[in-house]
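The letters A, B, C and D name the chains in turn, as written, and every chain counts its residues from 1.
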Amino acid sequence: MAVSGLDVFGLWIGAALSLCIFSFLYRDNPFYRLAEHIFVGVSAGYYMCTGYWQVLQPNLIARLQDGDWRYAIAAVLGGMLLMRLWPKYAWVGRWPLAFMVGIYAGYNIVYTMQAQVLAQVSDTIVSLWNNPDWTATLKNWIILVGVLTSLAYFYFSVEHKGVIGQAARVGVWVLMITFGATFGYTVMARVSLLVGRVMYFQDVWTHTARWLGIS
Amino acid sequence: MDAFFCWDKLNNLIGVLFISGCIAWHTFQARRGARPFIRRLPALGALDDAIGRAVEMGKPVLYIPGVADIDDAQTLASVSVLERVAEDVASYDMPLLVPNCCSVVMSMTQEVVRSAYAKAGHPEAFQSDYVRYLCDEQFGFAAGASGIMMRERPAAIFYIGNFLGEALILAENGNASGAIQVAGTATVSQLPFFVASCDYTLIGEELYAASAYLSQDPMQLGSLKGQDAVKAVIMFIIVFGTVLYSLGFTWVKDLLTP
Amino acid sequence: MKREVPLIITFVAGAVMIVQFYTLPLSWLGDLFNDFFNIIVTCAYVLGAASLLIANGRKIQRQAPGWGYNAVLLLSLLATLFCGFCIFPQGGLPTDAGTPFDWIFQNVYTPMSAATYSLLAFYIASASYRAFRARSAEATILLVTAFMVMLFRIPLGELLWEQLPILHYLDIGDFIETWIIGGFNTAGQRAIMLGASVGLISVSLKILLGIERSYLGSAD
Amino acid sequence: MLDKLSSLDRRWIFLAITIAVIIPFVFPLGLPIKVSQQTKQFYECIEQLPQGSVVCMSFDYGPGTRVECHPMAQAALYHLFTRRCKVIALALWPEGALFAREALREAAKETGAAEGTDYVNLGYKAGGEVVLRGAGDDLRAFFPNDIDGRSWDSIPMLKGIKGWDTIDLICAWSMGKPGVLEYVRVVGGSYHRPIITGTTAVTAPEAMPLVNSGQIEGILQGMRGASEYEVMLKRPGAAARGMDALSMAHVAIAAFIIMANVIYWLNKRRDRRNSLVGGGA
């Protein structure tokens, strides 16, 4: 693979900026601040450009050009949102806000019911005996008892005393195992990221060496 | 009729009607005067303590409403917790910093915080850069928010809402800055970090309960009671369905399968 | 008027989304509203960039402490916008591969995003050191589970386990998958999910009915 | 000494982790990689696809988790193209579309697959779950063009593709929301298409209940899953290269946890002894 000077320059820029970010581990310093401000500026710009070319252009502008005037409503609502920039007319921005909140409130109700409540309850209904092997049986018991006791922990209208209190205590243990497992898994994920960065620095070096004709 | 209604979603409709009915009934029951008992959540007491400490030290309070947009109910729940926190902080005439990851959320939190200062009688104390938009990218946001923690040295930091990978960056830097930290999220993958790094954590549904509890509005408390009733029914269905299923009757499970 | 209209809009939009879910002839309305939603969200990016411009512009104007950084932020924002809107390659879009915009994405945005993310590897280590202490029964459970899942799902951990007397007959990877992940973790995740779903439906309902309205701000 | 250690400056920990990660790159350990059941299942899902099957591959990750998801995508594309399957790539994350382009080009170079007949990149669409649902019966309505602006009709392999029910397998690379959960909800729930996924190690526990209930048929978990898959394909890549470093860093963190607890325990014992002495005086 041919490596151009521009590629190598880019890689070094990226590596330098990465090092600026890593310098924060030592303490807050001007290099980090520089990188931080570049990062914030570039990502705000990045989101705006991709948003325009991948959403507004095809879904709004192209459709309006095709004469689908329903989309003018969306354009007006979007414009109203921008009124937030003028404090005097900021209240106008509540309309699109209310529209968005409404859409998702309605959406949440029906889809959460479908995907979370119904699906999870139905998955929790399992066979407590008559399983092909004892591991399945034991696992099903763990899931049933675990779900019930953890749900007891989320009971707000009763003090955690007596039976509910004991169930909630077992529930907390189940939750702690859940958190522990998630934590353990996450360690792997996070370390992978760091490994990825080390490989990136390695790549920077091999590309530079290739460009210089060393290797 | 077949061409009009999706019959395979009937179980969903019944479920939605049932939950809505349950919550609505308890809510309006509460409005008629039956003030329901709600257990005190320890993390909420910590909110007050943390604000109190900030006032004593004369340092700002930092409130992060998560990184999700308003299409996430956690963000909305967070905004309503923010409303109470802002009223509290504003009544002491202290600065409340709210960095945002989404501009729509920013326009919402700005409104809430500005109103809170006005309500507390200190409209002039609100400065427009208290509530700011950093950037949509979660790590750009984390970098910016960590910077704010190190420079402004807030005495109390609240992380309430939907958080992703940046949760630990925020919580560890907040910890290093020496602040009291209270977190609340329903995002399971980030809960362990908040549990490990923060002083108090609202777990899952507690986040939604928090806004109702803080408002002490009987209707809101009534809705919590309604949620409990729903959970009781869910637990009953699970036990009942499991026993029947183990005996070989699968109809409960079949009815629920979406 | 300033509050009533938004509440009505919220209710109508929500009701439409619910009704279209159950009825076939109205599902187009759901799609249309979703399109609208996306368009408004994208307009919000403009709002974000504009508020960045205003906030940083003010600081530069006032020459507030550290205003040089704000200038850097503005410059990088404007440079990205310029590349993303004005530099068209032949027959393509400014965001295509090989454009200056793409170069910024590859060499500025991606490395910094990945570097910030990878700071997590360090923070997770310091959090483990500071917070994972067997203080109480709950903390011990968390600690032991995390320790096992972390150590025995990597090649080196498996190798260590196989050196242990007697215990090595137990397939540790399988044990973690079946009992910890498949058993307890599934139960805990499910309970949190169920509880949170009920809370979520309740919040959504309260929003539609106008009981929960803090998102509108509390005064005019 | 104990007090000093129990409030150890976290920068020492940072330094130790840095060293643990870098050493294996200088002196590789070559630890064996054992293939797990889940990875085998994932492999089989692709292995059993008939020739010419159409797979929809969703690139739902950003630069941050590229190191975990990208090797999976590269390996799976290689696997699919050598089995003569067709791939429709799309992205629910803005950066995903660019990673898709990169992965597709590399795999095409490696296997000789051709753009337009063997694969197409439909690009990114904002909206997450909404997109999946909206595209339900007519993908074309949401993706009228591919990422380079070619119209749907001009792309030969899209002939006959309508909604999700014309897709044989969904393969989602997922790091959060939107991601595989959205696919399970919409495409699995309403269209009953088989779904396989590769997730970051963080999202894996969240996806496991769905794997157990059969809603997801195969899963690659994080970098480890990717390295196992690479081993199965006999095509070692980036993931396998990083496994040693991954192991070392884990051991370092484990050592810190043990150390913290030993110190905690010693401190507690000392305090108890001191308080006993104090009580006697």
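Just so it is clear, a contact is a pair of C-beta atoms (placed from the backbone, for glycine too) under 8 Å apart; a residue touches a chain by one contact, two chains touch by 3 or more.
Every value quoted in this text rests on a predicted model; they were computed, and no experiment measured them.
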Across all chain pairs, which one has the most C-beta contacts?
A-C
How many angstrom between the C-alpha centroids of subunit D and subunit B?
29
Please work out the Cα centroid separation of subunit B and subunit C, and write it as a whole number of Å.
15
Averaging only over C-alpha atoms, locate the centres of subunit A and subunit C and give their separation in whole Å.
3
Averaged-CA centre spacing for the pair subunit D and subunit A, given as whole angstrom
14
Touching two or more other chains - residues of subunit C
18, 21-22, 34-35, 37-38, 41-42, 44-45, 47-48, 51-52, 93, 105, 109-114, 116-124, 126, 128, 130, 132, 142-143, 146-147, 150, 153-154, 181-182, 185-186, 189-190, 192-196, 198, 200-201, 203-205, 207, 215-217
Where in subunit B do residues touch two or more of the other chains?
9, 12, 16, 19-20, 70-71, 73, 76, 104, 107-108, 111, 135-137, 139-140, 143, 165, 168, 188-189, 191-193, 195-196, 203-205, 209, 224, 227, 231, 234, 258
In subunit A, what residues contact two or more other chains?
21, 24-25, 33, 35-36, 39-44, 46-47, 50-51, 54-55, 81, 84, 97, 100-101, 103-105, 108-111, 113-115, 117, 119-121, 123-124, 144, 147, 151, 154, 175, 178-183, 185-188, 190-191, 193-194, 196-197
Quick one: label the inter-chain contact graph as line, ring, star, complete or other.
complete
Touching subunit C in the complex: which residues of subunit B?
3-6, 9, 12-13, 16, 19-20, 23-24, 27, 69-71, 73, 76-77, 79-80, 82-83, 102-104, 106-108, 111-112, 114-116, 118-119, 128-129, 132-133, 135-137, 139-140, 142-143, 165, 168-169, 171-173, 175, 186, 188, 191-193, 195-197, 203-205, 207-209, 211, 219-220, 223-224, 226-227, 230-231, 234
Partner subunit A, residues of subunit D touching it in the complex:
11, 14, 17, 21-22, 25, 64-68, 94, 97, 123-126, 129, 144-145, 181, 184-185, 189, 200-202, 204-205, 209, 212-213, 215, 221-224, 238, 241-242, 245-246, 249-250, 253
Considering the complex alone, what residue numbers of subunit C touch subunit B?
18, 21-25, 37, 41, 44-45, 47-48, 51-52, 55, 58, 109, 112-113, 116-117, 119-120, 123-124, 126-128, 130-132, 142, 146, 189, 192-196, 198-207, 209, 211-212, 214-219
In the complex, subunit B residues that touch subunit A:
9, 11-12, 15-16, 19-20, 36-39, 41, 70-73, 76, 104, 107-108, 110-111, 134-137, 139-140, 143-144, 146-147, 150-151, 168, 188-189, 191-193, 195-196, 203-206, 209, 213, 224-225, 227-228, 231, 234-235, 237-239, 241-243, 245-246, 248, 252-253, 256-258
Considering the complex alone, what residue numbers of subunit C touch subunit D?
30-31, 34-35, 37-38, 41-42, 92-93, 96-97, 102, 105, 109-111, 113-114, 116-118, 121-122, 124-126, 128-130, 132-135, 143, 147, 150-151, 153-159, 173-174, 177, 181-182, 185-186, 189-190
